[in-house]
Structures are given as structure tokens and as C-alpha cells.
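What follows is subunit A paired twice: with subunit B in the first complex and subunit C in the second.
The block that comes next holds the complex of A and B.
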């Protein structure tokens, strides 16, 4: 087995691991895009307090936030087909590959987490602003789009950024249901070559770069969307490494 | 008017997501098969039986044997699905796969739930394995109160758990470690994280060879002498008989032996 860590093996691993970054990115991509849509849907239910759906959404969000991601992944992978297949006469159990179940899990999970972020962002805008909008003759919809939404995005942005960083890390769980992402590839390189440390170190570097990039992006967005030019308390300029 | 907008938005969202998911599913189901599609479930980190090669493709003894079996059975078409060891049999339960291949030894607990092939394709003789410089441990009795590495869902765990049921006063401490790499196993045993583990002689030899010098040794009599079989779901006798027939033919032609020598590095198909 020789030395525990060798740079030559580290560089050999790079081309083996890098292609699997697309798997990680696609999970984050689907999880975020459809997660946002689901979150908007949940927030609508909660703000409008639509009966029955409101209670269901509360239980749903609490369940998703209160249980480990791993459990959710297993439940969706094994449990979802057991419910849906007999109900709809489909056979997603066999037809969907493991990665599709991973997408579904991350969409459902992100929907819940993002809904909380969005909900608190919407409610952080004082109701007086809505009243002001309505009083000058804007419709409810116009008030929301022109007055509430721009401010809300600004409030939601920082937690959305850290959620995204967490999502990248969470995606490493999918290896357990047989989806090979960069983490899974590191494991399999380990079992094939008996040297796993170099692959892990490379993964760590990838995750750090992603995390820094996401935080930098959100720091930049945060600054761009600062309509008040730093006059408001929340909007003071900070360094990208601390503030987001 | 307001309400209408919401209803429209909500239904649009629902349709969008359903359509997107259905789209994802279709891509996977599109491939047309010539025979009945059999999904084979196997592991992804047990070299040289089932692991991913340089390019990330499934490789190993299980795969080679199954490929040869598939060639003999025109009525079936095998498709491979890899996952963590502990999840392979669960996938069989859930109907995600039709055939499980991961050096499965027969045991009573498994036999109650699954259909075992009748035709073994490798022998599996396991020994207590300890670090080279470790004081002698000869049998399971010497392991009482000691920490033993095993993996959840394995036959070794089953044996140790059965042993513990009979020796509840001072049981063996089973440490379940799944998906561990060989490096982790060796380092853990040398550092005393675990006092022992249970493995086949060929696995111990493989670990020593990769470590560069003798670090581990197998001791005492075999803990268990058995063979490995493919595992099917209870109702799938037709598939089981077909696979068994193909295995018999491979044995007769000497092809299985050749695969064992090529991939594992010795003939482990009949005896050790």
C-alpha cells in the first residue's frame, strides 16, 4: 500500500472524478429549479391560508426539515414506487433510474427548506407596504410584483445562498442508492485502487471551490440588489467571506 | 380574478413538474429489449468481485460470470444496477432488481426471505482475521468482549449475531462498518480500532498484497465454510432454474474456472 498520500495518484484521479461533477450539478440544478417552484407553491398556500392544504403543507415542511436527508432518500427510493405504482398503474420502480429518485428527493427537500426562507422573506416586508400599494390603486398582484417581491428577494438571498452550499454537500448522499457522483467515484476509486485518500482530498477541494464560488456569487448579487445603497441596516457592505 | 390567477399558476406548476418528471422517466425506459429484461443488482466496492473500473464501469467476477450466463440465455437480457452492499437485498425486496449478486452465502435468515440459486459459483470459507502481531485468537470464543468489524447485512454479521444470542453474558462487540475501503480495514486492525474481522483467506491475501507486506493473518479454523449463490425473489423460480442451468454449463466447459483464475487469481469454484 506504500505511502498514504501521493501526489502522482492525486493527479491521476482528477480526470477520473471530474466527469462525475455533472451528476452533482444536475442534482443541484433540478433540486433548485423545481425546489423553487415547489417552495413558491407552498408559500402561496401558507400566505393564503388555504384550508386543508395549509395544514398539509405545515406537516410536510416540518417533516422535511426534521428528518435526515438520508432517510428521505431511502423513503423516496423504496417507498414512493410502492405507493405510486399500484395507484397509477405505472412501474417507476423499474423504469426510473436511481438518479431520478435522487432528483425527486432533492426537489421535495429543497421545496420545504426554500419555502421557509421565502415565507419569512415575504412576511418580513411590513404589511403597511401592501396597504400603501393598494391605496394608490395597484392591484394585489401588481403590489406583490413591484413592491414586495424586489424587497423580498433581497431578504431571501443570503439564506438561499447558504442553502445552496448545503445542497451541494447533501448531494453526496446519493451514492448510497447507487448514483455515482464525485463522492461515490472517490469511494469506488478507493476500492479499485486501494488508495482513497487522494480522491477524498480532491473532492474536498472541489467542494471548497464550489462553496466559495456560490458564496461569491451571492455576495455579488446581494450587493447588486442593494437598492438602498447601504443605508439600510441589513445592507452594509461586507467581505464576501463573512457576510453571506 | 385574483383567485383565478392562483388556480392557473398552481395547475401550471403541477403540470410542469409532472411533465418534467415523466420526461426523466421515459428516457430510461426507452431502450427496446430482445428478451425479458432482468435487472441485476450488485455492489460497487468489493474488489475483485464487483467494483467500478478506471472508466467508472462495473467490473469484477460477478459481472464476468453474469455476462457469460447472459450469453447462454437468449430469453433474458441482463441490465446492471450497482448500489451499496446493504442496499442490494433491500432492492430485491422492493422489486427494483430481479437478481442479487454480491458473493451471497446461504443462511437460514436469508433463505426465509429469498430464493437461492442451487448452483454455487464460488466457495466462501471465512476465517477470523487479525493484525499480524496480535496475540493468538483461535475461535469465536476468544473474541468475547472484543471489537469485531463486520458489515450490516452480511453473513458474517449473521453468524456473529447468532453466536451472541447464545452468549449474552459477554457478547462479541460487532462494529458495523459498511462500504469501508481496504485501507480503512488494514489501518483499523493495525491501530486496534477493531480487534479482528472475518474474511476469506483470499481477501486477506489480497489485503496483504496491496499493503506491501504481511499485515494481517487468518487464524484458527474456518468460521464458516460455504459457497456463494445468486439470489432471486421467491416467485422467480423460472429465472433461477435458467441461471443455474447456465452456471452448470459454464462449469462443465471449464469457463467458470477460467474466469475465477483470471479475475480472482485462483480457482475458487469448487474448493480452496
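The block that comes next holds the complex of A and C.
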């Protein structure tokens, strides 16, 4: 057994791990895009208070927020085949690649988390705004697009940013169901060469860079979307992107 | 759909058997996080020179590290180096004598310190600076002002954020199964590897977590009403 950490091995690992970053990004991409769609659907149900669906959505969101990501991942991984296979006579565990289960889990999970963010953003806009829009002759739809949505995005942006940081971190769990993302690749490097620490350290650096980049991006967006020019008090307008 | 209720019940019982391990994995880091996190937040809010800059950097960077990656690294270093370390300190016993759960507690504690210090810092900043000045003007020292004036007002503000972090810790504690510590998830799937009923095992684990987190949120609601009763329903 040689030294625990060696820089030469560290640099050898970089080209081996970097291509698998696309897997991490694809999980985050699908999770966010379809998660937003699902979240909008849930928020519509909750605002319109559609009977039965409303109660179901409440239980669903509570479940997704109250159980660990790991358990949800495993539930989808073992549960989806248990539900779909007897119905369609397929064996999706063999036919689908493991990453599909990761996509499904992250879409369902993000749908619930984003719905909470969107719901509180929508309800943070006073109803008087809607009434004002309607009174000047806009339709309900126009009022939402032109009056409510721009203000809502402003409110939803900071929690959406921290959710995205969390999503990147959560995606590191998918190697537990056999998806080869950057963590999974680090493990395979470990079992091939018996030196895994360098690969893990490189993963840590990647995750830190991603998290800082996302924070910086959202800090910038937050500043750009500040229509009030800092007049609004009590907000986070003046905060630097790393708060000291 | 084949859902075997007997396997589910067996998994549920097994999961509950290892529930105390999850409690240790949640509440020891929570205690450590509350003490050290509050200290870190006070250092940053009262701008202790040098230290506040270092803490801001370390906390911001460490929040970017996923708990599972950190856990794997600590576990690896522990496995490789513990025997040397023990020999260096002339400790008796080898790696086999140490309960692995402490690696999990260590990793979760670091995460807890970072997230809790951010929550406490936010709550501290929400207290008006005039409160400090009022404290000094009646002759209280800095420590007395913090202890008697600032902290009691901060607690009801911090509780909602802290609740989120406790729930986050409960959920994060499940990843320690990746290094072989047996807690709720790993416990609930012990019978599953015999009967191959993994789905039932994970449903049981999910149910235990769900009940636990809903209970914690309910308790936090009561606690916040209790600690914030002097605030005249500002936040209720």
C-alpha cells in the first residue's frame, strides 16, 4: 500500500472522471425542466382548490419533503418495476438503464419541492394586483402573464437557486442504484486501481465549483431582476454573493 | 402489483429496531451544530477580525460538498489511518473496536454546524442593532446583552429555519447506510435481502421517516408558539 494521496494519480483521474459530468448535468437538467412543469401543475391544483386532487397533492408534497432522497430513489428503483411490469408484461429493470430511474425520481422530487417555492411566490403577490389587472380590462390569463408572473419570478428566484444547489448535491446519490455519474466513476476507478481518495477529492472540487457557480449566477440574476433599484427594504438586494 | 403485507410489517419492525441509531445520528450532530453553529454565527455577526473571514470562506465552501462524498472520504481516511493514529496516541484497541457510527456522526456534525450557523446568522441579523445599543446604554456588557437581549429574541425567528435543518438532518442521516452503518433504511431492508421484497422494505423505511419528520414539524410549531409568545403573534 503506497501513499494515501498522490498528486500524479489525482491528475491522471481528471480526464477519466470529467466526461461523466454530463450524467450529473442531465439528471439536474431533466429534474429541473420536468420538475417545473409538475410543480406548475401542482400549484394550479392547490390554487384552484380542485377537490380530491388538492388533498392528494398535499399528501404527495408532504411525503416528498418528509422522506430522504435516498429512500425515494430506492422506492422508484424497486417500485416502478413492481407496478409497471405486471401491468404491461415488461421487465423494465433490465430494459431501462438505471439513469432513467434517477430521472423519474428527481422529476417527482423536484416537482414537490418547486411547487412549494412557486406556491409561496404566487401567494406573496397581493390579490389586489390581480384585481387591478382585471379592472383595466386584461383577461385573467393576461393578468397572470403580465402582472403576477414577473413579480413572482423575483420572489421565487432565491429559493430556486438554493434548491438547484441542493439538486446538484442530491444527484451524487444516484451511484447507489448503479448510475455511473462522477461519484460512480470514482468508485469504479477505486475498484480498478485500489486508490479512490484522489477521485473523491476531485469530485469534491467539482461539486464545490458547481455550487459556487450556481450561487454566483443566481446572485447576478437576482441583481438584474431588481426592478425596485434597492428601494424595497428588508430584501436581500444589497447582499454580496458570498456573505461575510 | 405484488405487495406482501407480511414482509412490509417485518421490515417496519426491523426499521424501528434501528430507530435509536438514527436518533443518535440526528441529535448528537444537532447538539454540536447548535453550540458551534451559534458560536460561528456570533463570530460572523459581531465581525471578530480574521476569524469571521475564515469562517465565511470555510462555511461557504463546505456547503458545496455533498454529504455522501464527504462521508466516503472520512470513512476512507478513517479506515486507512486509524491504526496509525491509535498507535501514535498509544491508544489500546484497533479499528475493530470503534463503532463506525461515529464517522457518520462526525460527517453529519460538520454539515449541521455549517447549515445551522447560516440559520442563526440570518436570525441574528434580523434583530435590530438598536437592541444592542439599548443593552449597552443600561450598562450591560457585550456578553450580557447577547445572552439576555439578543438570543431570546432570536430564538423564535430561528426556529422555522432550524426545523428545516433538523428535517434535513433526519433525511441526510439515511446516506450513512452507504458506509455500512445500520439505521432505519438499512435496518428495514435486512429482511428484504432474505425474502427479496426490497420494495416493501423501502416503503416501510419511507413511512418511518415520514411519521418522524411530520412529528418534528408539529413539535416545532408548538415550540415556536411557546417561545414567541411575547412577540404578539407577529409570526403566527
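In the analysis below, the second predicted complex is superposed on the first by the 229 of 244 C-alpha atoms of A that agree within 3 Å, B and C clash if a C-alpha of one lies under 4 Å from a C-alpha of the other, contacts with A are read in each partner's own complex, and residues count from 1 in each chain.
Here is the rule we go by: a residue touches a chain if its C-beta (ideal position, glycine included) is under 8 Å from a C-beta of that chain, and two chains touch if they have at least 3 such contacts.
Nothing here was measured: the structure is a model prediction, and the numbers come from that model.
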Quick one: is A:211 in contact with subunit B, with subunit C, with both, or with neither? Answer first, second, both or neither.
second
Thinking of the overlay built on chain A, is A:97 touched by subunit B (first), by subunit C (second), by both, or by neither?
first
Touching A:62, do we find subunit B (first), subunit C (second), both, or neither?
second
After the superposition on A, what does A:197 contact: first (subunit B), second (subunit C), both or neither?
both
Please indicate which partner A:48 is in contact with in the superposed arrangement: first for subunit B, second for subunit C, both, or neither.
first
After superposition on the shared chain, which partner residues are touched by A:183: those of subunit B (first), subunit C (second), both, or neither?
second
First (subunit B), second (subunit C), both or neither: which does A:141 touch?
first
Mind working out whether A:10 is in touch with subunit B, subunit C, both or neither, as first, second, both or neither?
neither
Touched partner set for A:172, first subunit B, second subunit C, both or neither:
second
Once the complexes are superposed, what residues of subunit A are shared between the subunit B interface and the subunit C interface?
4, 78, 82, 176, 196-197
Hey, which residues of subunit C end up touching subunit A in the complex?
1-3, 44, 52-53, 56-57, 60-61, 63-70, 72-73, 76-77, 80-81, 167, 170-175, 177-178, 185, 198-199, 202-203, 205-206, 209-210, 213-214
Flag every residue of subunit A that touches subunit C in the complex, lowest number first.
4, 62-63, 65-72, 74-75, 78-79, 82-83, 86-87, 165, 168-170, 172-173, 176, 183, 196-197, 200-201, 203-204, 207-212, 242-244
Once bound in the complex, which stretches of subunit A touch subunit B?
1-2, 4, 16, 19-20, 34, 37-38, 40-41, 44, 48, 78, 81-82, 92-98, 100, 103-104, 107, 140-141, 175-178, 180, 184-185, 187-192, 194-197
Looking at the complex, which residues from subunit B come into contact with subunit A?
2, 5-6, 9-10, 13, 16-17, 20-21, 24-25, 28-29, 39, 44-47, 51-54, 56, 59, 81-84, 87, 90-91, 94-96, 179, 181-184, 186, 210-212
